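Every chain is named by a letter (A, B, C, D, E and F) in the order it is written, and numbering of its residues begins at 1.
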Amino acid sequence: MDILIFSGSANPSLARAIADCVGVALGQRILTRFPDSELHVDIQQSVRGHDVYLVQSTSPPVDAHLMELLFLADACHRAGARRIAAIVPYFGYARQDRRGRGREAVGARITCDLFAAAHIERAVAVDLHTPELEGFMSIPLEHLSAIPFLAGAAAPMLSGDSVVVAPDLGGVKLAERYARSLNLPLAVVHKARLSGHEVEVRGIVGDVAGRAPVIVDDMVSTAGTVTAALRALIEAGAAPAALVVATHGLLVGEAVERLRTMPIRQIVFSDTVSASPQSSLPIQITSIAPLLAEAIKRLHNEQSLSDLIVHQ
Amino acid sequence: MDILIFSGSANPSLARAIADCVGVALGQRILTRFPDSELHVDIQQSVRGHDVYLVQSTSPPVDAHLMELLFLADACHRAGARRIAAIVPYFGYARQDRRGRGREAVGARITCDLFAAAHIERAVAVDLHTPELEGFMSIPLEHLSAIPFLAGAAAPMLSGDSVVVAPDLGGVKLAERYARSLNLPLAVVHKARLSGHEVEVRGIVGDVAGRAPVIVDDMVSTAGTVTAALRALIEAGAAPAALVVATHGLLVGEAVERLRTMPIRQIVFSDTVSASPQSSLPIQITSIAPLLAEAIKRLHNEQSLSDLIVHQ
Amino acid sequence: MDILIFSGSANPSLARAIADCVGVALGQRILTRFPDSELHVDIQQSVRGHDVYLVQSTSPPVDAHLMELLFLADACHRAGARRIAAIVPYFGYARQDRRGRGREAVGARITCDLFAAAHIERAVAVDLHTPELEGFMSIPLEHLSAIPFLAGAAAPMLSGDSVVVAPDLGGVKLAERYARSLNLPLAVVHKARLSGHEVEVRGIVGDVAGRAPVIVDDMVSTAGTVTAALRALIEAGAAPAALVVATHGLLVGEAVERLRTMPIRQIVFSDTVSASPQSSLPIQITSIAPLLAEAIKRLHNEQSLSDLIVHQ
Amino acid sequence: MDILIFSGSANPSLARAIADCVGVALGQRILTRFPDSELHVDIQQSVRGHDVYLVQSTSPPVDAHLMELLFLADACHRAGARRIAAIVPYFGYARQDRRGRGREAVGARITCDLFAAAHIERAVAVDLHTPELEGFMSIPLEHLSAIPFLAGAAAPMLSGDSVVVAPDLGGVKLAERYARSLNLPLAVVHKARLSGHEVEVRGIVGDVAGRAPVIVDDMVSTAGTVTAALRALIEAGAAPAALVVATHGLLVGEAVERLRTMPIRQIVFSDTVSASPQSSLPIQITSIAPLLAEAIKRLHNEQSLSDLIVHQ
Amino acid sequence: MDILIFSGSANPSLARAIADCVGVALGQRILTRFPDSELHVDIQQSVRGHDVYLVQSTSPPVDAHLMELLFLADACHRAGARRIAAIVPYFGYARQDRRGRGREAVGARITCDLFAAAHIERAVAVDLHTPELEGFMSIPLEHLSAIPFLAGAAAPMLSGDSVVVAPDLGGVKLAERYARSLNLPLAVVHKARLSGHEVEVRGIVGDVAGRAPVIVDDMVSTAGTVTAALRALIEAGAAPAALVVATHGLLVGEAVERLRTMPIRQIVFSDTVSASPQSSLPIQITSIAPLLAEAIKRLHNEQSLSDLIVHQ
Amino acid sequence: MDILIFSGSANPSLARAIADCVGVALGQRILTRFPDSELHVDIQQSVRGHDVYLVQSTSPPVDAHLMELLFLADACHRAGARRIAAIVPYFGYARQDRRGRGREAVGARITCDLFAAAHIERAVAVDLHTPELEGFMSIPLEHLSAIPFLAGAAAPMLSGDSVVVAPDLGGVKLAERYARSLNLPLAVVHKARLSGHEVEVRGIVGDVAGRAPVIVDDMVSTAGTVTAALRALIEAGAAPAALVVATHGLLVGEAVERLRTMPIRQIVFSDTVSASPQSSLPIQITSIAPLLAEAIKRLHNEQSLSDLIVHQ
């Protein structure tokens, strides 16, 4: 049985790279938006009896990309596909994982329920903001990590005395994995209220003075967290030229403006999110196509993915 | 128990009008789009134990409007709402009601499944393109019609010898209801292949010569159907100044350009779709807020909706 | 894996013909009705691990035939069948596709839900009265057409100047496919109210004078529609000896009496419905066993059915 | 909230009697069978927001009666009924409670799944052949007994030295409840193989010589069990004029012929099954309408049914 | 595809025996109970794409053993197993098959629903107390019997004039199967109220005087039923040295004390329940590992299990 | 409608306290364990039409307590309860929220699925270890916090210069809420690897020297985390007599031994877990019965719970 990979419109170049790594051509499909914005999906080749792999990051615009994935899955289901796997390199709405302050929706759960409604039976994601998403789904979710790829790309850029920095407390576990991989010490920037009187004092744990910071995170969205952390690091005497490493380079809102003004030597992102070229920022993209291709091949050949999966 | 009506962002003025007709204030909620396009919903008042009515047309951009509806429903569900009704004046994706030419998705069914996934238990729609959508849902769908309102608005505009015209065969049943309501004769424009040799000959059934056509349809989207029909009517000797009457005035793509060049005296739409002002077109909007308000009140007071429902 | 085909009692001769075309023997099963009318099903051979194909038209008596299908499916499911496909040449209750005039049941949706309850995972139907039934099901429904077979059977019976006639507006799309296939012109009989004063005037679109009508429809049930159309055609000067072509020859109620008195040269039905011999009518049955056999073989061998499926 | 009771066609006189006991008129509905045997259901009064009670025995023809119940439930569901209860005095297919001898369907489970598919949320049944049916359903099933009514009707017919007889081992528990109620001794007819050599020896436990047997059972279907038991009793010296008491008097197949030839003084049935008048048999019908009316009133008023329910 | 068998902690020696019969090693898994009693399951080898067979009796402590089975199933599901079969030699909670005397839970149905929630798709059980459990499950349940094994083990222990005895009415069908298999006569001990005045008179059907009783049952739990029957048999003149044969030797509560005082020559149990050695009782264990191994091999190779299944 | 509260066996004294606060008597029910460990549940009063509140911590033994909750829910469901709410003061298995290191089960999700299988429609929990559990459930989960109660109880025990301490990084958010409530500074003990060379160095953020630590956590299970943190605090010069404050005082394994040897002035737990008296430890129990009673009253009266819910 051939491996059939179809791509949504969120990140066709990643999909092509994955297909190349797998050694197949991307499946033929036509995605159309009618003038009234309605999506139309037409799969151009037989999927009957096949396992299909739908590559789609639910990156911005998240709703349109999510619906594309659901329509692709429905089209494959009705056309007789055997099993449908959603390969979601960047998983949108993952941060809406509970009601935080009132009568909110739990967006991550809605998304997972929509997957089920669309007959998706397996899912693959990369460096989820909320790893507990596994429990939001009834289907198996394989949680992979781009860290080995990104750490490998960052390694040659390191100066002698670098330090891996988690820009907030939520990022400590991820940062530990980077520190271990790069054999570097670790520091944590946090904004916990350290006293009942002071509000929002940003503190730093770990030795950063004179060291070149390697700020790591799962994603850089508006770059608010990263730039605030970097400012705190500089105040604390860190060496000025920072590295920023993150799996998902969304760069939305004021991100580019914010990053442009900071003393950042290099930014390393994976290609989970389709990047518009940013000549003004020193961004280097490291492809995780080999990782996702390997995952697809293992799923297809019914081989263990254990060594690819995030362990925490 | 109070009637709680919340509005999505698709058509807040219709929602307000409905709430006015019902005699309540619109429910307080905050809809936010984060810079990464992710939606955030926060209901600002208690819905616990209440029946809530979510007013949202899934008009363009359809995916974003649909997700808003799902998030509102999930937020209400988790906040303890008793029953959730979706009031969907314009129901997007209704035309994707089967696989027409291959390995397509059945978008209308996906939409219906998403409603169920979001805990929506009742739905109300107006002049559905595909009335069979009732069978796509497991929950009760009340199918209302704007025709009495639109016919009422069009009546004073009629000249002595008007004729109601269905612009294609699919619209005959709707046109019959208009003809009956306006006490006018009926004509049908169709493009059936009448011979094996000719392709797409557009013919007209019924007497239109010298009569002022009242072209009626469920929706005017790109206006392709309406303008083609009007051209055929003129060729067939119809009086030049047409009326166009439709429930849903989407006016996407080249619609405005197309309509502007045609001899149209007046266009009558309902307000199911939020219209941007089109000073270049003689559009008159007739609100169906009273209809939807009545439906909500009846649902709320557990009264029969039979006389409001489309019978065909 | 062998192809296992089991037949309900609705149309065993069609099932046998299908099995012959596939090149297998019909699966052994015992269908019993106890004296209290309760059905008992016993599959006489192992189905464990096999895909099974259950051939059953839900023709009259529709409830008994439907329950047979459900019992067969349940028996196969509990006996370890891998996947269960329902081959439903004539799909009963398809016309109850919405609530048309009040507090009705949506029989077509109930039927589809019962399929799901009985673990049926795939369905095949022929010339559905309501093609939207695809959206009533969550499972893939392959909608095939008998038109190529019926048109092929009718072709030698054509006189020089025939015209394909749709007996009502709902049948125009089907008639267009016949006209295209037979390379004949098309006419439409309709009973739309053409004026506000006249009631139920039956009109004809297209040139029928002097031509031999080929009335085509998806089904002939009580024959009311066909005979009324034929009467209108004769009034309009059509050549007297008509052909009647339909996929499903139910012939219930007064059908035989009605048809007997009309100037009909030949009636062509497929064998989706088990016909009692009607010596008084010039009926020719064209088997669609080859079509259904081909569909089963393709499903079984995981090959595309695209070219067999109705495209509209 | 009024009590709305609708009746299927299986036993309208019982339904009327129940409605009378409750003190309401039967709900208006139209049940039609089209010439093609398809059922059409139309509820003639508003059920919106009401609890409805659908009275329908799934007696022969079981499939048609079952489908009627499903259609009524679907119509009520779509018309906005609050909760739907199925009152099923005689529950067909109850004996198909497992696969007894091979690749059979489990008809009782199919039936229960169909109830769920039709949005039925509560069920009431009387003297189920298989009390384990409670576990076949996810919804609450209230299992009532007609024994108090039937024992009350039989009591005046008893001669001095009667004996309650279970006609087979499966009926012992039921017979014990009759014996307790009538304060009579108990005997059991059984056909267990008592030795490895003899086949089908029918034995009797308990003292029957000279006593008038009161044969009790849940149902009399073809009357095979009852007449065989009676023959054995007579051989064993029982007094000739027997009483036969059973909840469900189906009397299908050769039942009437069989019973006519036996020395039976009186037959007592409840009215769960609509009986055709059998002038040739001494049948007395005892209505359980008061029992079902009481159950409906309790369900409606949210009162305990504990003292009505079968305890075993 | 290899056969993967994993064992819960309920009966690892039976699981090992089954694996030996199948010719494979037991699958590697770690079952841990944390100090807070929470279970942790870790499957130590890849199950991706495999059918797995989970061997776990839900014997005491039933809740812990049931949860182990659910956790094993969930772990296999999330790790990509193709299909999960639960091999449940002893099925706990089977006796809670209806509400017997009020507002009880139906424990057997809860158990079956939990199986479904844990993605179990097939089940195998042995000599179920309630064979109707098949209908409690939507998935296929293969109901096997240990009788051939136990009868084979008991045969050499028989004296010349033995009699198979059912210790209560509920056990007659099982006892008939033993009697047929051992070619012995049958007797039944029962405690039916034989008169309205006497309470709980224990009677015996069949000839037991001077014969050696072989008391057979599906399980021996507290041994109350067996010892009461034996006492009645002795009173009735049965030969003193009884045999006791049962599939499930739970021996809970006072069972050992009760049995120790009775004139029992030999007790024959299968190994569905893990027995603690009881030097004080003459118990012989007959393994049903070959039966379960055969069932697993047939399921795995998609062969019929018909001849292994209990027919009643 | 009365408030009906039933208690499982996990913490009957808390349930009684809740009922007292609500002002009702606890509902009558009998929970039995048969000698074979099987649970039997019998609700002793009518629940028909009522909302019921089942109070049960799934504390050790977690499986038995969880099954009790499911049986209670099923019994209420079948007895006609309107809505079933599970009040789960301590929610077991909450830490198994993802697959952390291989082919594990996601115990928290299994638990949530079992709730759904048992017809539970609403849930209330207190200080969940994993707040994301909200997204594991489809039903609304109200996540309450005992912090106001525990902080209130701890306040009088504070010395002048106390410091709130989170014993690990996962507890920072909880600790912040305590610090805010008590108006105290905050410190964090963590064991992040701060350099690539050192392994498991436990560091402290915040000023603890000379201050009396108030170690706060969601639960104290084996007390390993708390005692390790306290040891690190003492090394860092904290004042010796610590306070330990936690919602759930499980005290399993070596907890008592560990805590006994530490310089702890006072331990403050809530009563979510039923504590065996520990005379050797200075434990003070603060009841959260008022909190849970308030939540139940609000749920019952359909009032907002917003101000009771954990906001993070």
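As a convention for this text, a residue touches a chain if its C-beta (ideal position, glycine included) is under 8 Å from a C-beta of that chain, and two chains touch if they have at least 3 such contacts.
Everything quoted here is computed from the prediction, not taken from an experiment.
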Those chains that touch chain C and also touch chain A are B, E
Sort the other chains by how far their Cα centres are from that of chain F and give me the top one.
C
If you tally contacting C-beta pairs, which comes out ahead, A-F or A-E? Let me know.
A-F
Using C-alpha centroids, which chain lies at the maximum separation from chain B?
E
Separation of the C-alpha centres, chain C versus chain E, in whole Å, is 51
Determine the centre-to-centre distance between chain B and chain C, using the mean Cα coordinates as centres, and give it in whole Å.
33
What parts of chain A, by residue number, touch at least two of the other chains?
46, 78-79, 99, 101-103, 106, 109, 113, 134, 306
Every touching pair of chains is listed here as A-B, A-C, A-E, A-F, B-C, B-D, B-F, C-D, C-E, D-E, D-F, E-F
Chain B residues touching chain C in their complex are 97-103, 106, 108-109, 112-113, 130-136, 138, 143, 169, 172, 176, 179-180, 182-188, 190, 192-196, 203, 205-207, 306, 309, 311-312
Give every residue of chain B touching chain F within the complex, in rising order.
46, 48-50, 77-80, 82
Give the list of chain B residues in touch with chain A in this complex.
35-44, 46-47, 59-64, 66-67, 70-72, 74-76, 78-79, 92-93, 95-96, 99, 101-107, 109-110, 113-114, 116-118, 221-222, 250, 252-254
List the residues on chain A that touch chain E in their complex, please.
122, 134, 140-141, 298-299, 302-306
